[in-house]
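These notes open a run of structures that come right after.
Shared between the two complexes below is chain A, which pairs with chain B and chain C, respectively.
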Partner chain A sequence: MSGFATDRSAPVLHAERVSKWFGEVIAVNDCTLSLGAGVTGLLGLNGAGKTTLFKLMSGLILPSQGEVTVRGNRLRREVGLFRRVGFCPESDALFDWLTGREFLSLMVRLMGYDSAEVARRTDEALELVRLSDAADTRIGGYSKGMRQKIKMAQALAHDPEIIFLDEPLNGMDPVSRREIVDLVKRLGGEGRCVVVSSHILPEIETMTRSIALIHHGKLMAEGDITEIRDAIEDRPTIVAFRSPEPRRLSSFLAGQDLVVGVELDEFGRVVARTDHAVSFYRELPGWLLAEDLPVDEFQTLDDNLQAVFDYLVGG
Partner chain B sequence: MTPDRAAAAPVATDRPLSIWTSAYWIAFFSFREMLRRRRILSVGLLMLLPVILVVAWRVLDKDGVISPGLLLANLSGMVYVHFMVAVVSLAFGLSAIGESADEGTIIYYWTRPLRREAIYIGRLVAAQTVSAVLVSGSLVICFLVMVAGNLGILSWDFLKLYVGACVVIVCGAWVYTAVFACVGTWLKKPLLPAILFAFGWESIGGNAPLRLQEMTIVFHLRNLLHNSAPDAESMPNLLQNLKELFLNEVPPSSWQSLLVLLSVIVVSILLGCWLLRRKELFR
Partner chain C sequence: MPVYERGYRHWEDSGRRAAPAWWAIARRGIAEPIKSRRLLFLLVVAWVPAIVKGGILYFTFKMGELTRLLGGAWTDITAPGFHAFLKWQSPFVLIVLAIIGANLITKDRRENGLALYFSRPLGLVDYVAGKGAIIMFYYFTVTLFPIYALCIFGYLVTNGATGMEMLLEIPLRATAYCLLAGAVYALVLLAISAMMTRTAFSVMWWVLLVAGTDGLAEINALFDARLAVMGFPGQFLNAGTLFFGASPHLEGVTPVVSLAVVLLYAAVGWLLLRHRIRPVEVVS
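Right, the complex of A and B next:
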C-alpha cells in the first residue's frame, strides 16, 4: 500500500469527553483520546467498554455526550469522511453467497470508484491479504481465517488513512497471523492511524507498544507501554541483572536515588526496583561505564503489556 | 497497493456519494441478494396458490358457470389484494433493512461514504422489485393457465381487466413493502405487529363502514380494482355496490386512492430514512 504523508504528531482521530450510556448502564464514561499516525491497541476486559468506544470512534454509534472527530469533522455527520476510513468488524457476518472478488468489488464500488479502478483495487486488495487464489470462491466456503482476511481486504482496498481493526486475528492460523501482524505494523509505519482492538494482550504487543486501556468504561491509560508502566508509581519497575559481580552491582544500585530496593534472587540475579524506569534506563549505561560494573544481561520483568494491564485493572 | 498509485490514490473529495448512484448500486446488489435468500422458494411456492385455483377452475368448471372475468376479479380482489400481496411484502419488506441490521452485514454499507437515505432507498427498491416480480410472475402464470387452449376468452374487456388487476396488485406490493420496510427498521421484532397490521387491521378496518375503511391500504386497492372494472361481478365489487346502495357511501375516485397510496409510500420512506439515520449498530 502507499505511504501517507501525514504529520505524525497531529491527531487524526479525536474523542473529546465521550460518554455513552444505555439506559442506566454507562458503557463509556468521559473518555478523551487523541490518536495520530501509527498503531494503537485498544485494550480492555470483556464488558470494559472497549467495543463501545471502538464503535463510537468509528461512527457506528453516537455518543450520549461529547464528540468524536476525524480531522476536526464529525464522522457520523460528514459521511463522506468514510472514504478515509477502513473498518474491519469483529462480527463474522458476510455476504456468504458472493465470491470474495464480487464482495470486494461492491465494497470498492461503493467508495465511488469507476469500473477500471474497482477491478484494479479489488485485485490488489486480494493480493495484499493473499486471497487471490480463492477470489472466485464463494465466501460461504471460506475458512474462518479467510473470512478474516476478506474483511481486512475490504477495509484496506481504498487506501484509508484511518483503519479500525476489531479482533483482526480471530480464527487465523499462525502463518496468517504473522502476515497480518506484519501488515498492520507496515500500515502503521506508513503513517496511517491504525486502531486495533483485542483482548489478547500478546497479540497487541506483537503489533505495537502504543495502547489505550479502558476499564469499567473509563480510559485508564493511553500511550507507550513503558511510559505507562513508569507512571504506575505504586508498583516500582523490576529490572533483573546478570553480572559476574552481583554484590558490587547490588550495593552500587542500592545507593542510587532512582532505585527503591535491591535484592539477589534465587537465580543469582540482581533484582532492582525503580519507580522512575525511564530515568533509570537513561542513567544506567553511564553508571555501568563510570563504575566499570560488568553486566552480562539485564531485562525488565514487568514492563510488558500483561504486567501493565494487571497493575491497572487489578488483575 | 503499489507506491506509484500513492499520488493518485487518496480521494480528493470528502463528499458522500450521490444518493441516486449509491441507491442504484445498493438496489442492484440487494436485488440479487434477496433473490438468493431461502425464503424466495417458500414465498414463490405460496405464489402458486392462485395458480392452483385457476387450474381447479379449468378442471372443474366445464360448464362455464364462473366466467374468466369473474374468476380474475375475485382472484385479484380477494386472493391477491387481501393475502398474496401482504404475504410477499411481509417476507421482503420487513427484512429489507431489519435483517441486514440483525445479521450485521449493514455495517459494510455504514462504513462507506453513503448517506443512510441512499442505503434505505436502495434496499427498499430491491425489496419492492422482488415483491413485484413474485406477484407478477404469479399473475402471468395464472393468465397463461387461463388462456392455454382457451383463446376464446381473450377479449378486450378481459385484457383490460387483467392489465388493470396487474397494475393494482403490483402497486399494492409496493405500498405494503414500503410500510413493512419501515416497520422492520423501527422494531427489533417486527413480525407479530406486521402480521396484526396486515391481517388484523387491514381485514377488519378494510371492511368497516364509512370513513374508517378509507384508513386502510386494502380499501384503496379494492377501490382501484372496482374503478378499473366496475361491472365485474366479483365479491368485492358486489359488497361495494351494496354499501353504495344501502349506506350511501360514495367511494373515492381512482386518483384519490392513488394519491393516498402514494402518500403512504412517501411517508413510509421518510419515516424509514429518519429511523435508519438514528439507528445504531451494536453487533
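Right, the complex of A and C next:
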C-alpha cells in the first residue's frame, strides 16, 4: 500500500520555513510558500536561490531546516508521493545512448506500471510532445528542442498532479515554444499544480500571472502579478488612457481618492498613477459609465512582470 | 483561507506496483550491454574454460584413464575443483565487470540521471539494488552460470552419488559464494563508479584495486605471508574456500579473516554510496 493519507484540505505543495545552506552559504533562507492548482512562475536572478528552492520543493534535496509537504505529507519521507510528481530538469544532458522510446519506457516503468501500461503511456507521452516520429532515434541524435520535449514527456507520462518544469523553453524553436506554452497552460487549467522556473520573464508571462519571486535566498513576493504590483506602495501603478476627451477624463481622475497623480504625456494619453491598482480597476468601469467618459483604450504601463521584477529586485 | 480542494482529481494512487523499481533499472541495464558484439564475444570467450572443463568431465567418465593423465583441477569434479574454476575465471571477472560496472553511476552522474531517477518513487536502496543487480548478473554470467551448466552436464554424464553431488551440493555452495562475492563486487564497483564523473577513471581505479592490490600483495607476501591480506581479489577466493571446503587460498591469512575483510569491503562500499549518491543535477 502507499502508506500515506491524502489531506485534500491541505495545500497541494507547501514549503514551511524552509532553509538550505551549503557550508557557510545560505542558498534559501526561511521561505514559506503554498501552491495550489494552476501555473506558478518561480523567478529570480542567477544565484538568487531559485534553483535550490525549486529542488527543495521537488524533493530532490532535503532542507537544512523546515519542511516541504505534498498534501500534508513530507515528500522525501514518503517516496511513494513521487508518483504524483513530474520533474523536468534544466540540464539537457540525458541518456544519450537510449532511444526516445526506451528512455520514456524506463522512466514510466520506474513509476511502477506493468508492461502494457508502460507502452501505452510511453506512446501517449510521445504523441503529447509530438515526438512519435523520432521515438526510435537515439536521444544523442536529437536537436536541443527535441531533447527539451523528451524531458517534458518523461515529466508528464505518468499523469502527475504536481509538475516542476525547470527552464522548459530552453533551446526551442518558436513553433515548439508555442506548443509547450499552450501545453503548460492546459496542464494548469486542468487543475494541476505546475511550477515553472525561468529567468526569462516574458516566457513566464506567457504562461501565468501567478509568480513567486526569490531574491538573495528570500521569498520576496508571491501571488498574482497585479496584486504584487499593487502591494509595492512606493511605486504607484501607471495606467495610460486614450480618450477623445482627455482633459475631462484627467480632471475627473484627479478628483478620485484612489488616484495619486494625473498627467498628459507626449502621445496625448492621460496617464494616471494609483497606489491601489486592484481597487482602481474595480471602480473604473463604474466611473466611466456614470460620468459618460469616452475611453478608446487603456493600458497598464508597469504591472507587467518585468516592471514588478525590476521594482522588487532593483533591476 | 485558500481553497485547495479545486486541485487535480484525476490522480489516484492504488499503491500497487507491477514490479519493484530496482527491477526496472536492472532489466534496462542488463539488456543494454548485450547490444554490443564485443561484449558478447568476450562473454563467449569467458565460457571457454567451462567448455574445456565440461569436455574433460565427459572424458573422465567415459574414457576415465585417458583424461586422468591430464591431472590437476581440470579433472577435479568435487567442490574444491569448482573453487579452482572460479580462480580461472578471475581475469574475466575483472574485465567484464570493468566494462559493465565502471560507468553505471559515473554515466548517471555525468548525464544527469540521478535527478531523473530520484524524482521518481524510489530510494537509494532501490537505485543501488538495481545497479548492483546488473553487475551481479554479468558476474554470474562468467562464474555461476557456467558452474550450473557444468553441474547439469556432469549430472547427465555421470550417475549415482557423484551426480547428486553435482546437482545439489555444488550448485548450492557456488550460489552462496557467488551471491556474496557478486554483491560485494557490486557495492565496491558502484562506489568507485559513484566517485568518478569519467568512465576511464572508474575503470582505472577498478583495475588498480583488483590487479594492482593483488600484485602488491603477492610481492609483500614474499616478506610476510600475512600481508597477502592486502590483495583485493585474493580475499574473495580465500573466503570462498569456506564455501567450497577447499584448502586456504592464502598462506598467511585464514579464510575467516578474509571473509571479514570482504564484509568490510561491502560496508565501506555502502557508506561511500550513501555519501556520494545525491539526487542533484550535475551540470557540465
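In the analysis below, the second predicted complex is superposed on the first by the 305 of 315 C-alpha atoms of A that agree within 3 Å, B and C clash if a C-alpha of one lies under 4 Å from a C-alpha of the other, contacts with A are read in each partner's own complex, and residues count from 1 in each chain.
Methods note: a contact is a pair of C-beta atoms (placed from the backbone, for glycine too) under 8 Å apart; a residue touches a chain by one contact, two chains touch by 3 or more.
Every value quoted in this text rests on a predicted model; they were computed, and no experiment measured them.
When the two complexes are overlaid on chain A, chain B and chain C occupy overlapping space and clash. In the superposed pair of complexes, A:S210 makes contact with neither chain B nor chain C.
When the two structures are aligned on the shared chain, A:V12 is found in touch with chain C, with no touch to chain B. Contacts of A:G112 after superposition: both chain B and chain C are touched. More residues of chain A lie in contact with C than with the other chain of the pair chain B and chain C. By the touch criterion stated above, A:I61 is placed in contact with chain B and with chain C alike. In the superposition on chain A, A:S250 makes contact with neither chain B nor chain C. Judged by the touch definition given at the top, the superposed model places A:T274 against neither chain B nor chain C.
In the superposition on chain A, A:S91 makes contact with both chain B and chain C.
Legend: residue contacts after superposition of the two complexes on their common chain; A:C193 is shown touching chain C, with no touch to chain B. Legend: residue contacts after superposition of the two complexes on their common chain; A:T40 is shown touching neither chain B nor chain C.
The intersection of chain A residues touching chain B with those touching chain C, taken from the two complexes, comprises 1-3, 55, 58, 60-61, 79-87, 89, 91, 93-95, 97, 106-107, 109-112, 154, 159, 161. Every residue of chain C that touches chain A in the complex is listed here, in rising order: 2-11, 13-19, 21, 24-25, 28, 32, 110-113, 115-123, 278-284.
Those residues of chain A that touch chain C in the complex are listed here as 1-3, 6, 8-12, 34, 36-37, 55, 58-61, 79-87, 89-91, 93-98, 102, 106-107, 109-115, 117, 154, 159-161, 164, 190-193.
Remark: chain B residues 1-3, 5-6, 9-11, 13-17, 22, 25-26, 29, 33, 36, 103-105, 107-116, 280-283 touch chain A in the complex. Of all residues in chain A, only 1-4, 55, 58, 60-62, 73, 78-87, 89, 91, 93-95, 97, 106-107, 109-112, 121, 124-125, 128, 154, 158-159, 161 touch chain B in the complex they form.
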